[in-house]
Amino acid sequence: MKDNELRQGGQELIDEWRPGSGARLWVDIQDPQHETLEPLLETRVGFHELAAEDSLSANTLPKYDRFKNYDFFIFRAVDLNLSEHGSQTYKLAAFLGPEFVFTIHRERMQAVENVQARLPSDRRILDNGPDFLLYNVVDQMVDSHFPLLEKIEECVDTLQESIFQNADPRQLDELLHLKRDINILRRVSMPQRELLNQISRGDAQFIQPQFLIYFRDVYDHMFRISETIDVERDLMAATMEAYLSVMANRTNEIMKVLTIFSSIMLPMTVIAGIYGMNFDHMPELHWKYGYPFALGLMAVTAALLLTWFYRKAWVFKPREREPRVRL
Amino acid sequence: MKDNELRQGGQELIDEWRPGSGARLWVDIQDPQHETLEPLLETRVGFHELAAEDSLSANTLPKYDRFKNYDFFIFRAVDLNLSEHGSQTYKLAAFLGPEFVFTIHRERMQAVENVQARLPSDRRILDNGPDFLLYNVVDQMVDSHFPLLEKIEECVDTLQESIFQNADPRQLDELLHLKRDINILRRVSMPQRELLNQISRGDAQFIQPQFLIYFRDVYDHMFRISETIDVERDLMAATMEAYLSVMANRTNEIMKVLTIFSSIMLPMTVIAGIYGMNFDHMPELHWKYGYPFALGLMAVTAALLLTWFYRKAWVFKPREREPRVRL
Amino acid sequence: MKDNELRQGGQELIDEWRPGSGARLWVDIQDPQHETLEPLLETRVGFHELAAEDSLSANTLPKYDRFKNYDFFIFRAVDLNLSEHGSQTYKLAAFLGPEFVFTIHRERMQAVENVQARLPSDRRILDNGPDFLLYNVVDQMVDSHFPLLEKIEECVDTLQESIFQNADPRQLDELLHLKRDINILRRVSMPQRELLNQISRGDAQFIQPQFLIYFRDVYDHMFRISETIDVERDLMAATMEAYLSVMANRTNEIMKVLTIFSSIMLPMTVIAGIYGMNFDHMPELHWKYGYPFALGLMAVTAALLLTWFYRKAWVFKPREREPRVRL
Amino acid sequence: MKDNELRQGGQELIDEWRPGSGARLWVDIQDPQHETLEPLLETRVGFHELAAEDSLSANTLPKYDRFKNYDFFIFRAVDLNLSEHGSQTYKLAAFLGPEFVFTIHRERMQAVENVQARLPSDRRILDNGPDFLLYNVVDQMVDSHFPLLEKIEECVDTLQESIFQNADPRQLDELLHLKRDINILRRVSMPQRELLNQISRGDAQFIQPQFLIYFRDVYDHMFRISETIDVERDLMAATMEAYLSVMANRTNEIMKVLTIFSSIMLPMTVIAGIYGMNFDHMPELHWKYGYPFALGLMAVTAALLLTWFYRKAWVFKPREREPRVRL
Amino acid sequence: MKDNELRQGGQELIDEWRPGSGARLWVDIQDPQHETLEPLLETRVGFHELAAEDSLSANTLPKYDRFKNYDFFIFRAVDLNLSEHGSQTYKLAAFLGPEFVFTIHRERMQAVENVQARLPSDRRILDNGPDFLLYNVVDQMVDSHFPLLEKIEECVDTLQESIFQNADPRQLDELLHLKRDINILRRVSMPQRELLNQISRGDAQFIQPQFLIYFRDVYDHMFRISETIDVERDLMAATMEAYLSVMANRTNEIMKVLTIFSSIMLPMTVIAGIYGMNFDHMPELHWKYGYPFALGLMAVTAALLLTWFYRKAWVFKPREREPRVRL
């Protein structure tokens, strides 16, 4: 691409473009109009109707389709700073030919904007052609997962800590939301990883062999991402169990308080009740020290029971902190 | 198929049909009579006895069998609007030859009726032959899963919310039913996904290469469906655990009320009991302010205990809402 | 097999049989004598010692071994009507050659008897040779799983319902037995499914190509069986969890009754205790309406507490039936 | 091996042995001296240093390594009668050449001793060469798993039964130990199964084709073993859950007793307390039948509550034994 | 490498080095400066930019990339003695050519230092070339997992024991940390195992065939490590469940104490209350032995209840130690 620069722009470029003219093109269409764009892609550019449809519809999972004159990809990114309600994933559809790359996405994408910003100054992207440009976009899209995963990791950590301090059903609610988020992320990342594996093995026809290693690198990142997702899922399951265990423990504590109180007070009530009976003949009532005797009886009973509970380690006993096993 | 139109009709078309006559045929048989249809298919049309049997029996899972002159498929759809008791799935058996497609099903199928309705106006289906027609039917059958899955998703969401508000064994019952539904759906969708994968790889002999991409598209939908099913299963498992945790939490709350009441009332009972004793010598009884003293003793005890429970955050303490960790 | 009929009989046929005589044979040996049969099979018929041993020993899992002049199979059936203690599985060993099939089994097998009964009238089996005969036996053996699975399905359903009505550890015990049954069934059905897959792919040398489709059909049944087994396992796990949840719920109910009773009665006891004290100066005791006042105090306390519990939805409040989410 | 017998002995045979002499050798070394044996194996016999090392070190998992002049195997057995602390597994390293087999193991091995005992009388082993001899040893080693598995099966059964009769944390402890045992067994048996699969497919160079079927047979046994292990693991998980459920049930029972006692006694206490009050004006106190009236009041209250509990099926109600669902 | 020794040193060696000079080189760079090293590797030595980057960045998982003139590996070790906060893993990047090996790592690595220490005396490493040297490093890196795993094993054992003795939420906390550690370890060890498998199959171009067996040996170790990790994970899950069960058991014990105390004391309170009533006509009050009669009534009630609890095995009954099922 000596003098004819890679031209970059929106939908309007399509009309000017002539296939086979040797002009290199990056067409990036944001928030596409389904009605006007679909016929344009199909008849003007000649993309297959199914690819055109997939490029415009929501919800499509990452995939690769090979057509005669172009490769068709769907990737997915997570744009943390753009998102308001959690781990929403953003779709990017890409048509890659020997001289052009078309990228279509609904929302603004950080990855696309970053590459657009670097384009003027970075001669390598311009020189290396559309496939290398696509690599740059995809690389940034994949790396967009990392901050989200770190945030999730942090959330799970915070939840675990707060569960051990103060278990509360709201934490469970939170955990279920996190679980849903990570499950959705997983559902998207598994086919994306598979897709990148496919590309890096050389399945796509318009990605030049010398750039496969770059996609292999993106694949490695994606692999690490999906591994991290699995680790987090595991930790969430463990957290749920920890919640249950902490609860069980707390019930134990409450029960102990109740049991100790009842067990100490009930005998005292019985003793008081006995000396409150109205029998004609109750010698103790007439003892000089009958009253202190009764109180003493109560105190002794209470003391004995407290000793018993102490032995059972239910009260007061400062539980010795066992040495923390640290790796 | 210039002038000889694709003819569409029921069982009666079979008799008129002559193989090799070049006439294109779509025979759609609803609610077949096992006794009359099976011999017809076997002897008149020459389908293999096992295929004929499978096309008529219930319960068969999605599959593909290759015969010399035709392909035999079984697909499954979910017709939400026709169903009364949940996620029932509906079977469609299809025999596909170069010039004909036979579809056999017991109940009315939305997918079949939609294609029948579109046939007169949609020249593409008529022009593209039986395999493209079959694609149209299967496409609609697969897409029939989406509303059901959305409904299940909604149900699980509703259940989760209502569990956190007001856990109840009826929700569990509901959850078990949902689980069964989704397990059945999964059991059907896994082989269907495999079947569509097989077709889109070109295994079926009478599906023309240019239409494989269409079946690939259906496969992608099916893939998304089975992924969603797995996500939902996971969420159901988490919901079950959430139920247990909410229950554990509620038990804790009930226990706290009981413990607080008992712990405060029991000492008061003991004090009242003591001063209800009938000993001859109980100086307090004759004090001028003995009665207020006793009441005061009770009040002080209660106040001390309440303070203790307050410190333990068992009563009144407005638990500060920890900042919701939001992705 | 024009005039020389397929002869069918027991061990005695072996002696008469001459390999290569062109005579077609089905030897079915029930309850074999290990000591006499093993040498007979090995030396007289020339089967490999390992195959002969496997055909006679119990516990062997389904498998296929190829020998030079014959194929050796082990299948397993479930004979519900013959069984007394649950999901016992029955072994059938089969030696298949071009002109003979030997079947060996310990117990009476419904599948074998059915085929024997149909033999005289069903010319197709006689005409199609030993491999088709074997298909008929195996087909019936595989289908013998369905009634058992239906029974298990029914049991799990019944258990689930009865757990929601009246949870009881006996149900758990029952569930554990069912789980063991289904696990054993699964252990047997997985290799059998694999075996049938192998056969239907054409691995066995003495099954003619035109009959592979029949074994493919049996494989489809076996596939459905093993899928059903997995669904049932899943449901059992969910049932176990449901049991725990129902228990947790019931504990809650019991705790509520206890808490309500205690919380209402304890303050009344305290009030009664107070006015039962023997202080000299207790003005209320001498009020004209002191007694009704005390009773009123108790009633008011109880009423306040009941209101509180009512607000907490612990008593009486008719919980509105939330609309059942039905797919 | 007409006249030159297979010679069998220990380490001392190595020195006499000359490779290529045509002499057949089985060298069995028990409790090897690492320092003296390793150089002997490496320099005198010419085994690879890594194989020599693996043959002597503990902890190696089952595997197969192919070297130019010999095959190297590691197998593992379980010797129940030799073991004192549970499922210890015993390693046997084997070097197999066309004319020799070297077996090395630390402890006495039943399998080796059995074959040694049979050698003098069993001409087949002597005639068939070292690979058939190895088969005999391995066959016995694999079969050594069965008694252990039966013992584990028995233990799990016993535990399940005793949990339903009398749940106790000691059972849990036992279960955890069993789980560890079976996990270790599993860890060893999976690669051993894979190894036997490899051998029976003909990967080992010095096992003659006609003996592959024998190793296939051992593989089948190993397959059954690893399946049984999985079934047992599943049952242990279910047992753990059963323990929790039985516990939950027992808590329920205890709570019921407490609730019934408290609910009946507390109102009686209140009534007694009321008539123990010292108000001047309490008409009932002066009734002739005031005392029986009070007792009657208590009895009626108690009776009403008991009726209520009876209705709730908390007391006495003989729970009808629901018909045991039996397969 | 007759006279020209393998030279070993740091970054400074790169400048002196001339590719193709026949000089053998081991360059070991510790704590690399990203800014200065990356250009050096890329331009001076000619390594690919992605490999250079990967060799310097943290967090990369084990992998192998093949380049024209060299192999690029990433391995991971665990250095227990260097680590302060648990199972941190350490990265080693290695470039392997026919005449050189470059190793790059951030922290001091025991494995590297051990090999450096052995180099002067161990002629084999010097003679066998860079691939054998790399084997020595990797071998030590893999073996560095064993002490960590033993420590984890010990921790889990200790936790299990202490849970059965004295369950405490701190143990759960500990367990969650262990779980996280082992999950991270697993995430690293799975690709490392895969990588070693790949190498030992001969995928790396500059590892000579005669050394593949050595990498196979390392693979075997890695396999054992990842198996152990799985066993430990399983045990941790079981431990979590055990915690819950122990808790449930303890709740039971506490409840029993409460129930026994309440059930015995409440009737005594009622009896005392009855004879504390102030009715005019209460014959018992005037009996001579009324008081002992009342006390006797209490004693009898208590005795009856204790008997009942004894029968229920709630009190005193020495639970017979069932014979420990030992494998």
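In this document, chain identifiers A, B, C, D and E correspond to the written order of the chains, with residue numbering beginning at 1 in each.
The rule we apply is simple: contacts are C-beta pairs under 8 Å (C-beta built on N, C-alpha and C of every residue); 3 or more make two chains touch, one makes a residue touch a chain.
On a predicted model such as this, the values are computed, not experimentally measured, just so you know.
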List every chain that touches both chain A and chain D.
-> E
Count the residue numbers both chain A and chain E use at their shared interface, divide by all numbers used there, and answer same if that is over half, different if under half.
-> different
How many degrees of rotation carry the C-alpha atoms of chain B onto those of chain D, rounded to the nearest 5?
-> 145
Give, as an integer number of Å, the spacing between the C-alpha centres of chain C and chain B.
-> 23
Rounded Å distance, chain B centre to chain E centre (Cα mean) = 38
At which residue positions does chain E touch at least two other chains?
-> 241, 244, 248, 251, 255, 258, 262, 266, 269, 273, 276-278, 282
Determine the shape of the graph in which chains are vertices and touching pairs are edges (line, ring, star, complete, other).
-> ring
Follow the ring of contacts from chain A, passing to chain E on the first step, and record the chains in turn.
-> A, E, D, C, B
Residue ranges of chain E in contact with chain A within the complex = 48, 50, 54, 59-61, 63, 65, 80, 83, 85-87, 148, 151-152, 154-155, 158-159, 162, 166-170, 172-174, 176, 178-181, 183-184, 187, 190-191, 240-241, 243-244, 247-248, 250-251, 254-255, 257-258, 261-262, 265-266, 268-269, 272-273, 275-278, 282, 284-291, 294-295, 298
Hey, which residues of chain B end up touching chain A in the complex?
-> 160, 164, 213-214, 216-217, 220, 223-224, 227-228, 230-231, 234-235, 238-239, 241-242, 244-246, 248-249, 251-252, 255-256, 258-259, 262-263, 266-267, 269-270, 273-274, 276-282, 313-314, 319, 321-322, 324-327
